[in-house]
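Next up: some structures, all given as C-alpha cells.
Across the two complexes that follow, subunit A remains constant while its partner is subunit B and subsequently subunit C.
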Partner chain A sequence: MRFLYSLSIILFFSVFITGCKNRTTNVEAGIRDQILHLGNGTEPQDLDPHTVTGVPEHHILMALFEGLVTPDPVDLHPVPGVAKNWDISEDGLLYTFHLNKNAKWSNGDPVTAEDFRLSYKRMLTPSLASEYAYMLHYVVGAKEYNLGELTDFNQVGFRAIDPHTFQVTLKQPTPFFLNLLVHPSWWPVHIPTVEKFGGLERKGTQWTRPENLVGNGPFTLKEWKFSQKIIVEKSPTYWDRDQVKLHQIHFYPIESQETEERMFRSGQLHKTNEIPLSKIDVYRRDHPELLHIDPYLGIYFYRINTTIPPLDKPKVRRALALAIDRDSLVTNVLKGGQQSALSFTPPNTAGYIPKAQLKGGSDEARKLLAEAGYPNGEGFPTVELLYNTSESHKIIAEVIQEMWSTNLNIQAELVNQEWKVYLDSQDTLSFQICRAGWIADYVDPHVFLEIFVTDGGNNDTGWSNQEYDSLLEEALAQSDQAKRYEVYQRMEKILMDELPIIPIYVYTRPYLLHPSVKGHYPTKLDNHPYKYIYLEADSSE
Partner chain B sequence: MIRYITGRIFQAIPVLLILITVTFFMLRFVPGGPFTAEKAITPEVLRNLEAHYGMDKPLLNQYLSYMGNLLFHGDFGPSFKYSNRTVNEIIAQKLPVSLELGAWSLAVALFLGLSLGILASLKPNSWLDYIPSTISMVGICLPTFVLGPLLVLFCSIKMGWFNASGWFDPIDRVLPALTLGGYYAAYIARLTRGGMREVLSQDFIRTARAKGASETRVILKHSLKGGLLPVVSFLGPAVAGIISGSFVIETIFQVPGLGREFVNSAFNRDYTLVLGTVILYATLIIVFNLLVDIVQVWLNPKLKFE
Partner chain C sequence: MLSPSAEKLPSSISLSPDEIEKGTSLWKDAWLRLKKNHLALFGGIFILIFFTLCVLGPFFLGEEYRIQRTNLGATSPSLDHWLGTDILGRDMFARILYGGRISLAVGLSATFVSLTIGVTYGAISGFFGGKTDAFMMRLVDILYALPFTIFVILLMVFFGQNIILLFVAIGAVEWLTMARIVRGQILSLRKQEFIEAAHSLGLGTPRIIFRHMIPNILGPVIVYTTLTIPAVMLLEAFLSFLGLGVQAPMSSLGSLIKDGADKMEEFSWLLIFPGFAFALTLFSLNFLGDGLRDALDVRASKD
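Then we have the complex of A and B:
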C-alpha cells in the first residue's frame, strides 16, 4: 500500500517536472522561425479548390493555389497573380491575360494557359457537381456546358492562345469580373495530378493528400494531420518567392471558441478565428492591443415569408422593420462594433453607398400598422420567429420580440431549429419570419442584390418583382461603373420599399491577433494573403 | 463458458442488424441532408451530387447496397462531409486516439477511485473517510466542462506546464486524462467505499482478523475482490462511455478522437459516418457488457454462466 503511494507521488511529480522544463510557446518559437500558428474553425472537407465551399478551406487554399489575379493585402483589389497583366476589350467582353513565364507548379511544371482552360472545363463538368460552378456562368457557354446542354467545350469562352496567353469571353460586360477571379472556383489545378488519381470528373479523390498535391501558390502542403492541424511550407518554385517571408503556416481546426481563446492565451496561436462574445468586453478593457474587430462584408437580416397574411402586406413588413431599434441592439447586446443596417447592401461595398434607407421610428411603425388594419396591434396574429439553435441568435430574437411587443403591441413566438432543419424550413418557406445571414464571396453589390431575383435559389421569401429582375439583367450588361451603381440604387429602392427582408446589422469580424504578426490588414472578406505576412518580435515587449 | 459466450454473440447479431436498419432509415427521414447548405445549390448540382453518392436510387436499393458492402466487404462507404476520406479511414485514424484517451482516463479513474474508495472505507466516519468522500462528491458534481477549463486555466495559462489543447506530444495526454478520468474516479470511489464497507462488516473478515492476518492482507486479499463487485458492474457502461462519450473532453482539449465525429456527423447529416460510429459504439457496448458479465462470474462465486 505504502509502496503504491510513493510510486504515485513520484509519477505525479515526474510529470510536473517534465512539464516545467522552461517551455517555449508556439508563439515564441514561431517568431524565431517564421512559423505562423492560426486557429481555423473547422476541419476542411477537402482541399480541392473546385469542390469545397467553406471559409476554413478557403483560408488554407489561399496558401496552396493562386489564380490569374490575387487580392491586394490591404483592400483586396485584384493585383497580378499568375497573369502578369491583362487587356480588356473596348466592349468589356474579352479579357486577354498574359501569364507570368516564371509561374510554376510545386513540381516544377510551368503554369500554362491550357492548365487554366482544362481547370475551368473540370469546374464546369456536370458530373463533378461543383457547388460554385455558377461563379463561372458569366462566361459565354459556361452555363450551358455546366447544365449539360452544350457538350463541346470549344464553344465555351475560354481560349488558350499560346502557353502564356489566355482569353476569356464574357456574355455581358460583368464589370466585377476581375474581383471574381480571386475566388477559389477560378483557381487552376494541376491537371496531370488530378488525372492520375481518379480523373478530372471525380470529386473526393486522393490527389489532395499531402504526398500527392501539386499546387501553384506561395506554399506547399507538407502535412495534414486529420482533425489536428495542416502544415504548409514555403514553396521553392513560387514565382514571387522573394516576397514570401513565412517559413510555415500551421492551421488548427478548432471548433470551440472557448478552447481557441484558451490556446491563444497560453501562447499556442498567433491568431484566433473567432472570439467568444462574452470575452470581447474583457479584452477591450484589459488587452485592447490583442482584440481586432475588422469590417466584414456580410449582413444579418430576417427573411419574411411574403406569401402568408398578414405578412404579405408591405405596410406590415415596413412596420416590423421600423419597430426595431438597431442602434440599441448593436451597442447594448452585440457589442462587437457592428453597424446598424438600414439597407440590404452594406454601405461602401466597392464604393457603392445605398441611398434607399429605412427611415422612421416606432411612431411611423405604429401608424403603418394601423393603416394596414391593425391599430395598436389589435387583431394581429402571433407571428413565429424562427432561428437556428444558437445562443447569440436567441438573444437577438428575444430583443426584437420585446421591441415588437413594446412598439407595436404584437406578439412573436420564438422557434429554434437545429441548423439543417432550419435550412430546410427556410428553403421550403415553412416559416413566417426567420433569421438569416449573407456573407459576400467577392466585393461587389451584385453579391447581395442578386439574391432576391424571382425564384432565385437563395430568395426564400416568396417575393417576386419583375422590374427588379429586369434591372438585375440591366446591371450586368452595363459596363460603366457609375451607371451600373445607379441601377443598383433603383433595385435597392424597390427592395427597401417592399421589404421582403428586414435588414438588422452589418457583420464585423472580431478575433485575437498577437502583436508580432505584421503585414496583416483588416479586409472586408477576412482574406489575408499570406505572402505579405511575417512575424516580428514587438519592440515594446 | 464457451457456450455462454457464443450464445451472447448470437443474441447480439439481430440487435445490431435492427440498430443499423433503424438508424439508416431514421437518418433519411430527418429534415435536411448532407448537401443542405446556407447558400442553396442549384437543382442540377444537387442531382449530380446525389448521383455521385448513389442517392438517386430508391431508398430500399441504397439500403441493400449499403448492407451488402458492410457485411461482405466491411466497407462503411465514403464520408459525405470529408469528401476525400472513407468512413473506414476516419474510424481507423480516430478510434485509436479515443482508445488511448480512454485507457489513460481509465487508469486515472481506477487509480484515484480505488485509492480514495479504499481509504474512505477503512475508518468510516472519521476524517480519513470525510476527506476522500468529500473529494469524490465534488468530483461527481463537477461536470467535465467545468473541471477541464479550470485545469487549463491553472496548469497551462497560469503555470505554463502544459499546452492548453492539442494532442501532439505525450504530455498533452495529461490534462484530458485527468479531466475525464477524474469524473469517473469520483464514481468509482463512492462505489468502492460502499462495496468495501459491506464486505468488511462480514463474518469472514472477522475470522481473517482473528486469525491474525495483517490489515493490508485483510484488505487486499480478503475484501477487495468482493468489494469491487459494484465497481465492475459500473465499469462496463463506463468504459463504453469513456470511449464514446468523450465529446466534451475532445472539444475542450482538441483531441482528434471519434467522440466528436459521433456527435458532429449527425449535425452534418454525414449519413455514412453516423452509421459507422453508431455501429462501432453499439458493438463496443455489447462487447464490454459481455466482458463485465464474465468478470463478475469470476469475482463472485455465487454467480454461474447460464
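Then we have the complex of A and C:
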C-alpha cells in the first residue's frame, strides 16, 4: 500500500507540475485579476435576504447587501455600514442611526431611511411568513404586527426622521442589539425592484435574478448559472468602494466534499467550504499550512419530530440522545477538534456556560427505553433519519445509526435529500428525525435558545412548552446579564429534560484556504466580510 | 478449423448400435462444447465460488459487515482484517461479501423479472403477429426511447429507496431486449411444420406457446439471460454510485466502489478490492455468457 500511495503521489505531482507550466489555473489567474474562487457547498435557495435561512445563501448575500452596521473582519464587532454613526439613548431603548449620504443602491438610487423602514415592514408582513421575522421582534410593536394583531405599521418602533436619519425603539434594552443588525433579516432590499417583480409579499419571485437584482453591498450580482456558479462583481456605486480590492467573486455550489477538495488541489478554488473527513489527517500531516480549523459558534444536532409516536415520548427521545457516544464520534470520526455537545447552547457563548447537561450512558438509555414500553427495542418501529446530501452527514448518520442499533436495538433508515428539498421537509415537519445545525447569528446564548419558542420559524420540531415561552420573554426583559443568564439556565434545563433535539457536537470549521488569500481571519461565526479580502501571491512562490 | 459438430462426427460413427439408438442430447453436446472454452469454464467456476462465498460467508461472519470500530479507523490489509477496514473500522472482507450478495441478488432477481416479462411478451407478440405484433412492438420501441436511468431515478424518488423496488425497477426496464429476441425467434418458429402439426391437433394457444415454442428458443434466452445479469449488476452499481441504490449500513459492490473512489488517494484498498471483485464477477459472467452462446446456439458461433 505504501508503494501504491507513493506512486499515486508521484503521478499526482507530475500532473500538477506539468499542469502549472502549461496553463494558468483559476487560482493563479485569480491572484492576477483579483478574482476569488470559493466553494459554497450548495445551490442557494434564493438570494432574498428576507426569506433565506441557510449559511450558503448568507455567504453570497454578504457580498450583495449591507445593513446599518457591518462586522469587523477580525472580531466581528459592529462597525459602520450604511449608518456612519449612531446614538443610543440613556435607557438603551432608542437607537438613532445617521445614514451615510454616499450609500447608494447598485442602480444609483441613494439608500434612505425610508428604504429601511419599508424593508422592515416587508420582513414583518404576516403573509410573507419569513422564518427569521422573529429577529425583529425586539422592536416595539414588531411582534404584534408580525402576528397580525396590529395593522398600523406606524405604531411599530421604526421612524424615518429624514432621508438620512433612522430611529429604532426597542421594547427592552437589548444588549446585543447592534450585533443583531449584522444579520440578513436586518438588511434593506430595494423596494421598487421587489415590487416590480411580483410584489413585496411573495417569496421566490424574479427580483433576485441577475438582470433584476438591485443591492447595496460591495458587489453586484453578475451571473447566476444554476448549479454551476454565481458570479458577483465589484460594485461601482458602493460607498466604501476604495476599500474593496477584489474584482469578482465566483461561488461554486459543490455538494461533494471530495470534488471540492480535488478542485482545490487542482488550483480551481481559493477556499473550500468544507473538507472530507478522511482528508483531515492527510492535510494535517502533509500541508498543515492549507488546513484551517476555525472555532465556530454553532451546534450540530438532530431535530426530532415530537408530533409523531413513539418520538412524542420524552423518555424515548432521552434514550436516543443518551445512546450516542459523542466522544467516540468526535475523536475517531470527525477529528477536526470538535467538542461533544451535552447541552444545546455551546459552552462559553459570551460567557454563558450551560449547567443542564445530558448525563448517563447506554445503560441508562436502555432503562429509559424499557420504561417507555420498548424493552430492548422490541416493538419500536424503524425510524427514518434524514440528512441533506453530504459525505460527512452521511458518515455521522451511519455512526449514530449503528450506535442506536447496538445500544438500543433500534433500527434507523437513512434518507438523504438535496438542500432545498431538505429545508422544505424540515419546515413542513415531514421527517422523523433529521440532521440540523444551528450557527449563531450573533454571539449571545439567546440566539440558540430562542429558536424553540412555540411555533418559532426555526423550531421545526413541533415542540411547545409554555414555561419555556414565558421564560424567553422574561430573559429579554432582564437588563442585567447575570440574571438574564440565570433565566437561560432554566430554559436550558427544560430543553434538556424534554429533548426535542439531540445535541451532538459543537462545530469547528475545517476548510482549506490558499495562502494567497489575505484579510481572511478566523472568526467565531465564519463571517468573512469580502470587502477586506484581497489576493496576493506569496513572495516565496 | 474444424467446427465443433464436425469434430464429434467420427466418435458417433464408431459407437456401437445400442449407443446410436440412445443418441446424445442437445444439452450434452452443448456441455461438451462449453468444456472446451477455457475462459467460459473459468468464468463459471469463479462465479460458483464467489456465489458460494457470498451466500455462505455472511452466515459465518454474522454482523461483521456493520460492526464499527471507530477507534481503529481505516487500516490496510492485515491478518485480523484480510482486506483492511473502511474509515469507520468495518471489515472490508465482510462488506465485500455482503455487498456481493446484494449485487448478485439484484442481478438475479431483476433478471428473473425481465425474463418473465420479456419471454411472455415476446412470445405473445410473435405468435399472433399482424396488428397485435405491430402494436406490441411499437410499445416496446416507445419504452426503448425512454432514457431508462432517468426512469429508474424517478421511480426511486417517488417511491422511496426500497431494495425490492430496486429489483422491480431494473427488471422493468431490462425486459425490452429480451422481448425482441424472443419475438424474433417465435416468428421464425411459427411457420414450421411441428407448430402446424400442433395446430392441426387442436392444441390451445397457451399450450402451443409454452409447451412447444418456448422450449425451442431456450438457447438464445439462456444466453441473453447470462448477459443480462452483469448488465443489471452494472446498472445497480451505477445507481448506488449516484447514491440511489442500497442504503447504509447495507452495501453493494457499487456503493463500496463509490465510497472507495472518494478516498482512493488515502486508502487505496477501499477501492481496489471491491473494484477487483466487481470486475472479476462481470468478466466471468460475460465470458460464461459468451461461452454459452457458442455452445447452445451453433448457428451464431464464430466458426
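Observations
The rule we apply is simple: the second predicted complex is superposed on the first by the 332 of 541 C-alpha atoms of A that agree within 3 Å, B and C clash if a C-alpha of one lies under 4 Å from a C-alpha of the other, contacts with A are read in each partner's own complex, and residues count from 1 in each chain.
Here is the rule we go by: contacts are C-beta pairs under 8 Å (C-beta built on N, C-alpha and C of every residue); 3 or more make two chains touch, one makes a residue touch a chain.
Predicted model, so just to flag it, every value in this text is computed and none were measured.
In the superposed model, A:S278 lies in contact with subunit C only, and not with subunit B. Number of subunit A residues touched is higher for B, counting subunit B against subunit C. Judged by the touch definition given at the top, the superposed model places A:A482 against neither subunit B nor subunit C.
Contacts of A:E402 after superposition on the shared chain: subunit C is touched, whereas subunit B is not. When the two structures are aligned on the shared chain, A:V333 is found in touch with subunit C, with no touch to subunit B.
In the superposition on chain A, A:E258 makes contact with both subunit B and subunit C. After overlaying the two complexes on the shared chain, residue contacts for A:N416 are found with subunit C alone; subunit B is out of touch. Contacts of A:S127 after superposition on the shared chain: subunit B is touched, whereas subunit C is not.
In the superposition on chain A, A:G457 makes contact with subunit B only, not with subunit C. Taken together, the two complexes place residues 1, 4-5, 8, 256, 258 of subunit A in contact with subunit B and also with subunit C.
Within the complex formed with subunit B, the subunit A residues making contact are 1, 4-5, 8, 15-16, 18-20, 23, 25, 43, 45-48, 51, 53, 126-131, 133-134, 146-148, 203-206, 208-209, 225-228, 252, 254-256, 258-259, 262-263, 265-266, 268, 418-421, 423-425, 427, 437, 457-458, 460.
Subunit C makes touch with subunit A in their complex at residues 66-68, 70-71, 73-74, 76-77, 87-88, 160-161, 243, 247-249, 262-269. Residues of subunit B that touch subunit A in their complex: 30-33, 36-42, 44-45, 48-49, 51-52, 78, 81-85, 90, 93-94, 111, 115, 149, 152-153, 155-157, 160-168, 171, 174, 216, 219-220, 251-254, 256, 260, 264, 267, 269. Against subunit C, in their complex, subunit A makes its touches with residues 1, 4-5, 8, 12, 256, 258, 276-279, 281-282, 328-329, 332-333, 389, 391, 394-395, 397-399, 401-402, 405, 413-416.
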